[in-house]
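What follows is a set of structures for review.
First chain A sits with chain B, and in the next complex the same chain sits with chain C.
Right, the complex of A and B next:
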């Protein structure tokens, strides 16, 4: 059963009434006409206290009586197989309690430097490290290749442009059919351009490394696990399987997670090793990876080379867009090497052909908007090239071609707040300052992230007035716990500080893996639903007390009662509850058709390029971003600013450097793998653009990834504007800038 | 290798790291020369295995048994269960393990526990008074200067030291410079800067 409901949706430039089908039992959806108290505010993060005091316990911080420390022996060779592993000497070393071989029988292939071979657990980490050197492993070594452009099927690079062989995708991998007319479309356009962009591997670099504490208990054949994970329920499934015990005997906890960014969807081989060691020793085992392992064995954002050929009419309308690309996802990687939005050329003839090439390196994993920052770096670079050819300002060119009214509004707002006209260098590559060149760039953001699934949330109201909201999924730093408190508080008309939120325990109701920017949109409607059902029960008790019909009861300013009659404070009303609390389970209903299925955004960057050193400093950056209903302004801004900083880091600094001979990463540490720090920070601003999307009873959309899609491109375009040359290889390090400046002098 | 971190005039992060790495290497090649060896007057050489030491942490004396090669970070986290200080790089490159030794910030992963016996050690756990937050912690909460929170304890400790060094009103350049040893992957830096400014005079308390 569904009930037709009319609601006001949209944004400042386009708000209108639409009809949606609200599922039976769902709450009346919030819309533009709803007056909200807590939601939309700037509440403090509810677990900030635990985090600033050091009391927050991450998996890495769990210490248990009798706990052992695990460590993994990893292959020093990039390719081959393990012939034998001898653990006998290791087991005699001081403190060693368990040892397992991870490569044997038919599963003995070595696929990259760091592929796990064996694992041991000892009383202390130092003892475990000592014992590691006593393992004797013999390898059959094979010839390897760790470079994308040396892989089989790789294209030639001629003067920075890729050429034959062109990618021929497998039929299953083909997203858009090859179009024979495409060549013609580009060549016959009034204005056309061609270019190749390339980018290096970026590592996730979560500050808490991957790992777990697994406590297998033989007496009950059960396990308690603390995991650094983006998917508590997935971790339970995988680790129960590794322990060979039923899932109902396994509890996974992840109350705090020190970042994931897409790399922590499974417990991985380190999780399997930890489980096996714990079972063998019948003791708790902590196995957390070190920083080199973190850089080399836990996935990454793949490298890519992307060629774009595009054409436009004289007036600037894009008519053809052809993308051919190769990705380097490692030995069997997934996670997206390139993708782009089609906001500028949905109405143009366009095609995209992409092929991934295997190398003997760590398999890539999803990383914050998989493939998108790579693809958008190339796409937005081409947009500026085309704009220049058409004689249009980059902003005007985008306003002309962007298919989204919402983003057009954001472009205009952003350009004004940022001061586009002031920062854009209308004479690219020149300036009065003898030392620094300056320029500005922009890029568009796009993402889906409307959420879904069949998740459940529990809301409990106790006799003493305390309120719980519970879900078993994890808050990896996005602020979901805080949003749960705010949504519950809103529904009950009390303050968020009164709500105790529990996340990250698989004994609580099921919730999503944190991927695709879906945790907030997936859980929020269920959080509200749970609170709404609990509210109805409490309302019924008040109605009984006042001897009126339950439908006469109103909630106002933290009071419950009759309009113009007796109003009981929430705390007092709770005394009507007995020893058993009110407990309600909210359900995530399917999304309505709604107003909008994706989120938009745009970003602007201004840079300063040092003519002498080639150093790029971002001086100012501004992002405009929508994400449906903004539940907490402060936390949302934090996410957007964080994504922009990660983009600055990616486009200017980050690259995995491999030794082609040994096949090993040369900069697998934070001293040599540079991520942006305090000295790299510009003046930053995030503007949240609120949209009532009409998708469910809350209308929140995902936010983690959307702003990540635009940031590197905006900075790269700013550098190109400063230099008067397109910078098409990232990271844009000083050597590349100096080479570009030198090439101009010729 | 000895150093006097309580003398701010002679202290710089670089000098500290240089000193710490010498100490670490020295202790590995010959423990008898390390400062820790002087603790036990009855024996000039400490063999492998654990030895008792006393650390002064957050105002109380804590006794523990550790190996001479153990870092202060491992001693705090594994022996004393003070897990607020985080292990991220274990090589002095990220600042997540920052603690105060006699009021000066150090990377506890680059400090041998044996070298910290004479110092007053303040960890993130020692900053708040019960549940009353230190002004810098309060500012971090209010400015949302954290996301996943894993860099936060180190950030807060460095922020307190920064504020103190500049009399509670550091300039933006001073903040960026003093905080440059602390990295954050979620991207909270601008809000950390705001928090340090917002904490004001009390931030270096």
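Right, the complex of A and C next:
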């Protein structure tokens, strides 16, 4: 059963009424006309104090009586196979309680330096590490390659442009309609350009490393697990399977997670090892990876080379856009795909062909908008090149070609707030300052993330007035717990501080894995629904007390009662509840058709380039971003600013540096893997652009990934504007800037 | 880390007497702890010099110059009011740019001067590094060498990571050490091996010799110094090149100068010939350009670090410009 409901959706530049089908039992959806109290405010994170004082306990912080420490023997060779593993000596080493082989039988391939071979658990971590050397592993070593451009099928790179062999679409992709003849399309345009962009591997660099504490208990054949995970329920499934026990006997806890960025969807081989060691030893085992393992064995954002050829009419209209790219996803040979949105050339002839090339390195994993920052870096770079060829300002060129009305409004707002006209260097590559060149750049963001799934949330109201909102999924740092408090408070008409939120325990109702920018939009409607159902029950009790019909009851200013009649404070009303609390379960219903299915944004950066040392300093950055209903302004801005910080770090500093001969990472630590720090940060501003998307009873959209798609490109374009030369290789380190400045002198 | 004996000495003499081939002196330990955990340093005994920090920390005026205790924190140097004048500026600038606030608060001047190289081949036991005693040849020669040396190398391409050493060089610092009852005083140049072979440590102190004081002589009237380094980011990075300079000025005229380069060779590199070109000349960017070219005249890049030569020259020009007041 569905009820047709009219709601006002859209944004300031385009708001209108639409009809949606609201499922039976769901709450009336919030829209542009709804007046909200808590939601839309700037509440602090409810766990901020616990986090900054160290009271928040992460998996890494868990220590149990009798707990053993696990460690993994990893292959020192990048490619080959394991012939044999002998654990007999290691089991005699002091403190060693358990040991398992992880490469045997047909599953003996070595695919990268760090591939797990065996694991042991001992009383102390140092004992475990000592015992590693007593494992006798024999390898059959094969020739390896860790470099993308030396991989089989790699293109040639001439004068910084890739050439034959060109990537051909995989057979599966051939079912698409025939690609246009891009050769012809580009060559026939009034204005055309081509270029190749390249980028290195970025590692996730989560502050808390991957790992688990697994406590298998033989007496009950059950397990308690503390996991650093982006998917508590997925972890339970995988680890129950590894332990070979039913899922109902496994509890996974992840009350706090120290970052994941896409790399913590499964417990991984370290989780499997930890489970097996715990079962063998019948004792709790902690197995958290060290920083080198974290950089080399838990995935990464893959490297890529991307060639774009594009053409436009004299007036600046893009007519052809051809992207051919190669990705370097490591040993699994897929998942390195770079991508871009098509808002600039949906009406042009366009095509995208991508091929992944295998190398003997750690397999890539999803990382905050997989493939997108890479693809947008190249796409927005080409946009500036074409704009210049058409004699148009980058902003004017984008306003001409962007087919998103929403983003056009954002471009204009952002350009004004940022001061585009003032920061853009109209004579690229020159300036009065004898020391520094200055320039500005911009880039667009685009993502989906409307959420879904059949998640459930429990809301409890107790006799003493305390309120709980509970879900078993994890808050990986986005602030979901805080949003749950705000949504529940909004529905009940009380303050968010009155709500106690629990997340990250699989004994609570199921929730999503945190990926694809979906946790907030997936859970929020269920949070509100649960609170709404609990509210109805409490309302019924008040109605009974006042001896009126339940539908006469209103909620106002923290009071419940009759319009113009008796109003009972929430706290007093709760006394009508008995020893058993009110408990309601909210359900995440399917999304309505709604207003739109994606989010947009744009970012602007201003940089200063030292002509003598090649050092790039970002001086100012501004992001405009929509994400449906903004539940908490402060947390939303924090996501956008965080994405800009990460983007600055990626585009200017981060890269995995491999020793090609040994196939081993050289900078697998935080001393040499360079991440931008506080002194490298510009003045930053985030402007949230509110949109009512009409997708569900709340209307929030995911925000983790969208702003990260634009940041590297905006900074790179600013550097190119300052230098008067396109900078097409990330990271833009001083040596590359100096080389570019040199090439100009010639 | 492997287990070791921790020795807490009462005084310098006791500490020194426990020194030896299987013992390591620990000052702040900010880097040593990492090397212990990585097991690239496996001493039997760790001798904690911080036990007598009060005796060896402090910046004391002495005959127009300073005696600085080797356990003085980097932060204390960076924030010292005594070192506020232009004649000491290089030392303050070098201290200010070091590492992070946490490390500057904890790390010591002595530790900074006696640092192990940051070469990534040395710092992973997985690599058969010659300097680490694990292999037959330097892996950086035809390996990943973007941050390695461009001059002064023999069989090891490491760079000296100390940013305070070049500043102390141009200030004409001398060092005092103690071995048992015996004390010794020598110019800073002697702290670094004449031939920086892979088999040599980063410094020339013996197993039981403890650096106790750094002496900075009085400055001649008209002295002005500066330290500048290049790096890839501003927060917590190692220098890719560095230069410390001292100029004695009279008006616009340079009476004499000293130059020392950092982060480009296995040792800090004093450039006396280039510095002589300054004497008797008026300060100008043109002159500094020539001097910088001369300082790097003998530089020979490896496959990936040619950029360091241009960068090093820029940094040296900047240091000269700052010291002379042109910038």
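We adopt the following convention: the second predicted complex is superposed on the first by the 734 of 746 C-alpha atoms of A that agree within 3 Å, B and C clash if a C-alpha of one lies under 4 Å from a C-alpha of the other, contacts with A are read in each partner's own complex, and residues count from 1 in each chain.
The definition used in the following text is that a contact is a pair of C-beta atoms (placed from the backbone, for glycine too) under 8 Å apart; a residue touches a chain by one contact, two chains touch by 3 or more.
Please read all numbers here as calculations on a predicted model, not as lab measurements.
With both structures placed on the common chain, the touch criterion links A:678 to chain B and to chain C. Once chain A of one complex is fitted onto chain A of the other, the partner contacts of A:735 are limited to chain C, with no touch recorded for chain B.
In the superposition on chain A, A:657 makes contact with chain C only, not with chain B. Looking at the shared chain after the overlay, A:56 reaches chain B, while chain C stays out of its contact range.
Set side by side, chain B and chain C differ in how many residues of chain A they touch, and the one touching more is B. Once chain A of one complex is fitted onto chain A of the other, the partner contacts of A:381 are absent, as it touches neither chain B nor chain C.
In the superposition on chain A, A:472 makes contact with neither chain B nor chain C. Of the two partner chains placed around the shared chain by superposition, chain B and chain C are both touched by A:126.
In the superposed model, A:206 lies in contact with chain B only, and not with chain C. The intersection of chain A residues touching chain B with those touching chain C, taken from the two complexes, comprises 126, 671, 676-679. Within the complex formed with chain C, the chain A residues making contact are 76, 126, 129-130, 612-615, 617, 652-653, 657-662, 664, 666-667, 671-672, 674, 676-680, 733-735, 738-739, 742. Across the complex, chain C meets chain A through its residues 1-3, 34, 39, 100, 118, 120-121, 124, 126-127, 139, 143-144, 146, 230-237, 240, 307, 310-311, 314-315, 317-318. Remark: chain A residues 44-45, 47-58, 60-61, 63, 124-126, 204-209, 256-259, 261, 288, 290-291, 476-479, 634-635, 637-639, 641-646, 669-671, 675-679, 681, 684 touch chain B in the complex. Those residues of chain B lying in contact with chain A across their complex are 67, 69-70, 74, 77-78, 81-91, 93-94, 96, 123-125, 127-128, 133, 137, 140-142, 144, 146-153, 156, 175-177, 179-180, 182-193.
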